[in-house]
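First chain written, first letter: the chains are A, B, C and D, and each begins at residue 1.
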Amino acid sequence: MSKKVSKPGSISRRRLLATAGAALAATPLGAKLVRAQQTPIRIGMSMPQTGGLAGGGKASLLGIEIWRDDVNAKGGLLGGRKIELVVYDDKSSASETPAIYSKLIDVDKVDLLFAPYATVPTAPIMPMVKQRGLLLMGNFSFQVNSKVGHDMWFNNAPWGPADSWATSFLDIGQRAGGKSMALLAADQEFAQNLAKTAREVAAKRNLPMVFDQAYPPNTVEFSSIIRALKAAKPDIVYIASYPPDSAGILRAVNEIGIGDNVKVFGGGMVGLQFGAVMENMGSLLNGVVNYNTWLPEKSMYFEGTKEFFDKYTKRAVEAKIDPLGYYLAPFGYASGQLIAQAINAVGSLEQKALAKYLRENTHKTIVGPIAFSPDGERKETAVLQAQFRGVVDKNMEQFRSSGKQVILFPENLKSGELIAPFEAARK
Amino acid sequence: MFSFDLLLDAVVIGVLLGCFYGAVSLGLSVSFGLLDVPHVAHPAFLVLASYAVYFLNEHYAVDPLVAGLLITPVFFLLGLVAYRLYYETFEKRGSDAAVRGIAFFFGVAFIIEVLIILQFGVDQRSVTADYIGRAWRLGDIRIPYRLLVAFAVATALTVLLTLYLSRTFMGRAIRAVAQDQEALRLMGANPIKIKQWAFGIATAVLGIAGALLIIVAPVDPTLDRAYIGRTFCVVVMAGLGSMGGTLVAAIILGVAETIVLTMFGASWAPAISFAMLLGVLAVRPQGLFGRRS
Amino acid sequence: MALSLAINDLDADYGAVKALRGASLRVEAGETVALLGTNGNGKSTLMKCIAGLVRPQRGAISLTIDGAAHDLSRLSTEDIVELGVAMVPEGRRLFPRLTVLENLMLGAFRKAARRSIDRNLAIVFEAFPVLKERQAQLAGTMSGGQQQMLAIGRALMSSPRLLLVDEPSVGLSPLLVSQTITKIGELNQNLGLTVLMAEQNFNQAIRIASRGYIIVHGEIVVAAASVDELRGNDIVKRLYLGGAT
Amino acid sequence: MTRNSIAFWTGSTVFLVAVFVMTQVVGNQYPFFAGYVILQFIALAVAWSILGGYAGYVNFGTSAFFGVGVYAAVFLVKAFGAPLPLQILAGAAIGALMGFALGLLTLRMQGIFFSIATIALTIIIETTITNWRYVGGAAGIQIQRPAVTAPFDNYVQMLFFVQALLVVLAVAISRYIQNSWIGRGLQALRDDELAAECTGVPTLRLKLLACVISGALMCAVGAPAAMYLQYADPASAFNLNYSVTTLAMSLIGGTAHWSGPIIGAILLGTTQQLLTVTISSEVNVLVLGLMLVLFVVGAPEGIIGLIRKLRGDRKEGEV
């Protein structure tokens, strides 16, 4: 676990050195200043380590830590400055982050900020970083910048434009002959955001919405909801759910059945990306078309990807976190890569310059090339839609081989074709 | 869109779900209903039992229900210890036991939560068994076997507990202890020991209820918070300490929730149970099938 | 069956109030002894001391059974019950939400009593036929007189050797008081029970008592060897027979 | 004015002046962020104790009142762009109404039944807000702060000062209640409600009054949180942690005196802030659990009780 390293009285000196070091590092003289070289580059963040988002937060953090260790093993950045992470637990809550980020900025005086995993803890710090003019490397939050409009925000998640998610799923559904749609979404922020865009896209395409419901958090039993959904006889079923519910919904679908007219099922089910959940669900997953961010298909390997997962797999077991870590961890690593490339190119830690560089270039990462649009989201969506195939029960290792989740979208990463209808794909 | 089929389906599922709620509330019906212990850590013990069942299922491939039975002796002992601690620190000292007791059990719940996280991590866990993931076809209705298991276990537990409480010396003493401790003394029974035993029974029941919890749906370490409201709602609606009443109240809750979920709009469902609870409390503080004093 | 209860020089406090001061009393096997006194004079405290519900500050309560002496002032209520002492408490103290039968069964909680449930139940039902008819009724829904029957029946279920009855007349109509006292007398006669009865109704109590004590302000002021001696006592005349006010 | 009162008001004034000077002098923002949270919990704990401590009615609905305060502010900002003082006043008014309703609804409930009723109320209100799309529903809502007004040059500094004012207000009310007939009435009600009623204490009216005052204060304390976070979502605003933490603070400090909740809130609030930035993991929750258990077991009357005991012992020793 990362620890805060701050000695009393050393704060102002460190800051002084950091700025001086940054300015001098580019010059030959600066390179010789041993003390400046030894000052680490401090990156501050909060990360959910307890509460509902803890599972994701821990995996995400491990990705970032692996990046830190890689960089430090190679001698650091800016001519020998090591990376140091300052991490606090925000308990998955929005009310903790303002104080934590103020501590990071004003007391720890970190050089750079990363955002916590997910939307809720991130939302309250957006106005703050904008006001202070600080660069913030986002971590899988959804549309937190749309109202704030901060031009130094960069989201590492492959979301892209807000509606691209629903668009790609509905594309697949309509191509398979879908003419009506059902929407079931958790009554929580992320799922509701997805549901909203899905409704808009469906309306634009005149796709009739035959079922549209939100279900509350902590719903125990989904049988009756699935029965009602089934009765509406939709062709496309779009589900935006959270981990505990995703499992419940799939169980209920398996038990109650969903009807032969359903062409595709899934879309926005959070949880089916996590090893433990996938292992538990086993064969129930077959046929589901769901979003993902990274999968072990041939098209997904870039420079350093394999090496990253080798390290991750080893360390995840010790840390008791997701042994697969496809969903978040490589993107945590990519956040680091993005910032490292910017620092190397700019040659300092000057935030405006870093932001400018990040905005104007395409960056190579272990999750593929990344380019940002002006709002700090990806220029193009890289959210995968993939179909589960041939999954058996109680086997974590199967998910490491390709072909278990066939990528249907986007075109350039595609690794197979949709099997429809849903009931046929389940066999 | 109204359809009779859907309504029937909702009622059937609701009854079964209610039985599940009943099973996880029975222990509380003893500990809070009969013994007046404000046991807000009840759901935390429940989740702990689920994790114990998960452990046995995952590592030794024990059927979850069998695992539930296997852990009951351990949970019985745990209950004995927990009550002793509660008695020595609160009941013995007299006044204000309820207020501080609540705080105490909240603290215990937090500690259990953290211990589970430290041991098992934050991921959700589930178990495997033949009856999980399949359904029984009954005409047009399909009923998940999981819920049938819940139904069977809940019914069995209710009957067993009711028999135990009315047909055995210990059981009758447990019911009497809530009514008049000193009189019970005059029968030659030590009320403290009776209560301790009863708390042990209540906790032992949680072993099996914990198995049901993880059979019906996957669990995570903080799931207990979602069940504080539900279990207390059931027990209070039932009228304190009535096992049959607990099952009936739980079924009413289950049916109401399911009907709202399918027919009206799922997002209002959580308010249903609590609106019912508030109504019951405001009109009849002693519960629907309540004990009268 | 040899049994005797000897109380010597007992002091007991209720908080700041001295409830008993040097009280001494004896009960021998097969007797019915009345402990007489008006409200608040310490009758109940004395009874509770014997049952172990109140701990005396000083003095001894010695119960001798078949030659073995037990100091009740050091035993817990459970152990005292286990020795064969049963008490019918003031105000009956039934379990109102249990049925009649369940109340009776709780009376047989004591280990020695569990063996002879059937016999005891037969005795109770014979003595109080109304309880047999109303076995399944909740105790709390019965009338006062019936409740008093049940309270006595419950005590009998524990196969007692010594029966303590505390104020059986409280809250009952005169007719019911008379019936209840008669019943207690019958129990003594038919079953050979040793009875210590605390009562404020002098005339009713002495109908069945063989002798009695009078307690005033926590002190035993009269210890009479017979009922006649009690009747002739000055204090009794002053307190009970209209000579006082 | 008694000597005690003079001391109290002098202390309060010194406190407020110190807070104000701090906002003018200290440039580092973190003390204000962390301090705001601690002040918020002090005010909550003091407000909670009026009902929970003096009257002995354990309210688990702190988060309901807090959350309603937050959403009252959110609604006013979104609908009318209302300024901060109006948000707080409106919060207080709604909180008073809510407290009144809670009091009426739970008139006949005692002990843990009252507590259960407050949990139920919390969930009903949270569900309602979750279904209210105008204030963002389940998805939450981001709010923009207006420009800060002089003499403050930073909004959080102003919020810090405002929260300090609320603390003084809450403590003054709590202290007044303790020393007046209301406090004595509540005390009687707590010790034995039936006996109190028999001796002519207007128990129902007192209970309603305590509900109203406590509710109004808790809502008022919640209102500025909307501007502090610049974001609101039902799951965070109605978080059970507010209820448990407030209860824990009051019990740890001791409820017999108005200063108990303050001591408890400072102790626990500071510990939590420190833990957040030091250990930073599950241990944080563990510490709350352990502190709760240890204090209710080891020091049932809280820190106030411990202090009194120490003093009492010393006095006895002197005699």
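Here is the rule we go by: a residue touches a chain if its C-beta (ideal position, glycine included) is under 8 Å from a C-beta of that chain, and two chains touch if they have at least 3 such contacts.
Only a predicted model underlies this, so the values are computations on that prediction, with no experimental measurement involved.
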- Given subunit A and subunit B, the chains that contact each of them: D
- Using direct touches as single steps, what is the fewest number of steps from subunit B over to subunit D? 1
- Query: What chain lies farthest away from subunit B once each centre is taken as the mean of the Cα atoms?
  - Reply: C
- Between the Cα centroids of subunit A and subunit D the separation in whole angstrom comes to 37
- Rounded Å distance, subunit A centre to subunit C centre (Cα mean): 78
- Per the centroid of Cα atoms for each chain, what is the distance between subunit B and subunit C, given in Å? 43
- Query: subunit C to subunit D: how many Å between their CA centres?
  - Reply: 55
- Note on the structure: Residues of subunit B that touch two or more other chains sit at 117, 267-268, 270
- Message: Two-or-more-chain contact residues of subunit A, please, as numbers and ranges.
- Response: 50, 187, 214, 216-217
- Query: Got the subunit C residues that touch at least 2 other chains?
  - Reply: none
- Item | All pairs of touching chains, each written as two labels joined by a dash | A-B, A-D, B-C, B-D
- Of subunit D, residues touching subunit B in the complex: 52, 56, 58, 105-106, 108-113, 115-117, 119-121, 123-124, 127-128, 130-131, 138, 240, 244, 247-248, 251, 282-283, 285-286, 288-293, 296-297, 300
- Message: Taking the touch rule as given, give the residues of subunit C at its contact with subunit B in the complex, in rising order.
- Response: 51-53, 76-78, 81-82, 86-87, 89, 93-98, 102, 105-110, 114, 140, 154-155, 158
- Message: Under the stated contact criterion, what part of subunit B meets subunit C in this complex?
- Response: 166, 169, 172-173, 175-176, 179-180, 182-190, 291-292
- Sites on subunit D touched by subunit A in the complex: 28-30, 32-34, 36-37, 127, 130-131, 137-140, 142, 144-145, 156, 225, 228-233, 235-236, 239, 241, 273, 276-278, 280-282, 284-285
- Item | subunit B - residues contacting subunit A, complex | 1, 3, 5-6, 9-10, 13-14, 17, 20, 117, 120-126, 128, 132-135, 142-147, 216-218, 220, 222-223, 226, 258, 261-263, 265-270
